[in-house]
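After this come two complexes, each holding chain A, first together with chain B and then together with chain C.
Moving on to the complex of A and B:
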């Protein structure tokens, strides 16, 4: 569903300015039923795909929250996607705990080889998104 | 355990972390209350040893790894409900009288 919404949005600038959002959506849903629409709906997809490869912002937020809880960080300490676990004061045992906490939260299993490559919040979020999409 | 900076872990460090992971995983299968207790004992034990033991004391670390693996096997038994820490470290002299 997300890709349909995405393609309809990116098509709007291409159509005439007079087209309203509602009619644009109706147009898409109509075209998706016909086979001719394929060439239309494919064009915006590559741009969208690149974005979905990176970790989703909500995943990053959730990881930040878990890391904060696990390391008992004060609320004024900033935790972002670029934060390195070691810079946040985590030792290797903490990192194991964080990964275990993430496994439970997202219902995934992180292989040990992958677990050792995680050093930032972004690393963790990207891996989680990958594992979640494989599971789905 | 100060090696998380460069992410270059020795084989032995990996074994220790793998054992730690195994304990935390085994604890998941226990009821919530037992689980908390197991986690706190295991975490305290690993952290205490990580601070006390010289990281070049391979023989002793290997011994602890073997002991830990046996304890983990016992913990994995569904009948095992909990874990307690026996202080047999050299600094502790309470256990001498038996």
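Moving on to the complex of A and C:
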């Protein structure tokens, strides 16, 4: 899932998990005189674009559970990774409570600049995975 | 299609002279007619309609619809020259994500320096409007219960002074109410600043009440029970005395906080009262000025209604 970092996402300079950010290695395939060639080029990743892996399914599930509880959603209301908190009826107080619930559940601290980038369940789960991996 | 809005008059001109703050609100439970909701729906842009439809469930859809309808019809009232069609208004977000009107530039059309901010809870949708100065509002149900313990929540998100203040309240119900009031005040401030929540985390500023001697005469429109002031713990040089607040209880069950930037062009010492007019509305149906009635109770701030 690509996430545009901009100024609001705080990026830790040392990331222990290489897969959570684009390494700058790009695979380019092109046709050259009828032959397929593969060329590797090492290019610095633009500062504003980071590719993060999809969040772990179990993290997504846990986030869904916490969101359901906070918003007291009936069991027939679907909550998936793509669900936007605001579409589920969360206001800002709900969102802050959800973040607090995630902090307690996963033993992490979510700073405001990170919290402000979360709008979907997937966003939250990806951030949790990232923060957990940095903790480890 | 020109839309007649009952009671529309050149607010814009009046407001510019008098530097007022206006608060408009809808009570969703009062809006039931399907035909009316359809009329509102026709005001929305395709993008807004899409957003409404994405909401999960009828109640949330209705709330989202009423919010957009309120913003559009409210802003359309504030025209100096001609009636504006609420459907033709365009909106955008500033670089921090705060919604604002994108005025269409036409010959001879000088866009009014209108600022607005909306907030909604399940039983009230509100829109605050000012001229020349930024505004932020937040409304919350008085009975709102949070899932976490109030003090645990405050420790995590509020300033030490605020935590101390809340901890000192022994009655849990009063503690909860004071918490909700503080939440709405802090939200209103951050929304007025318009730089997003990460720019000024809740922990970095303190909102408190400074009692004033009750100078106002009975029947006076000015409430001066307490001034609401804000301190920045992070950076004392931040001009936090640029902002003034009003805390109200509206329509019985709601706390509403309003934060506006003080208008510098008004000289003099001390804080000029916030000249506030509160109106309950059902767009296209009726507007009722509720200022001075018991639908609006001033709880804090220096307010003239």
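FYI, the second predicted complex is superposed on the first by the 84 of 136 C-alpha atoms of A that agree within 3 Å, B and C clash if a C-alpha of one lies under 4 Å from a C-alpha of the other, contacts with A are read in each partner's own complex, and residues count from 1 in each chain.
Methods note: contacts are C-beta pairs under 8 Å (C-beta built on N, C-alpha and C of every residue); 3 or more make two chains touch, one makes a residue touch a chain.
Since the structure is predicted, the reported quantities are computational estimates derived from the model, not experimental observations.
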item	value
Room on chain A for both chain B and chain C (clash or fit)	clash
Contacts of A:69 with chain B and chain C, given as first, second, both or neither	second
First (chain B), second (chain C), both or neither touched by A:113	second
Which of chain B and chain C A:135 touches, first, second, both or neither	neither
Touching partner for A:100 - first (chain B), second (chain C), both, neither	both
First, second, both or neither for A:91, with chain B first and chain C second	both
Superposition clash, chain C versus chain B, among 2-10, 38-46 or 182-190	182-190
Doubly contacted residues of chain A, that is, touched by chain B and again by chain C	91-93, 96-97, 100, 112, 115-116
Residues of chain B touching chain A in the complex	1-5, 7, 9, 13-14, 17-18, 20-21, 24-25, 28, 43, 46-47, 50
For the chain C and chain A complex, residues of the former touching the latter	54-57, 59-60, 120-121, 140, 144, 146-148, 153, 156-157, 183, 187, 196-198, 201
Chain C partner contacts - residues on chain A that touch it in the complex	8, 69-70, 77-78, 84, 87-89, 91-93, 96-97, 100-101, 103, 111-113, 115-116
Touch list for chain A against partner chain B, complex	85-86, 90-97, 99-100, 104, 112, 115-117, 119
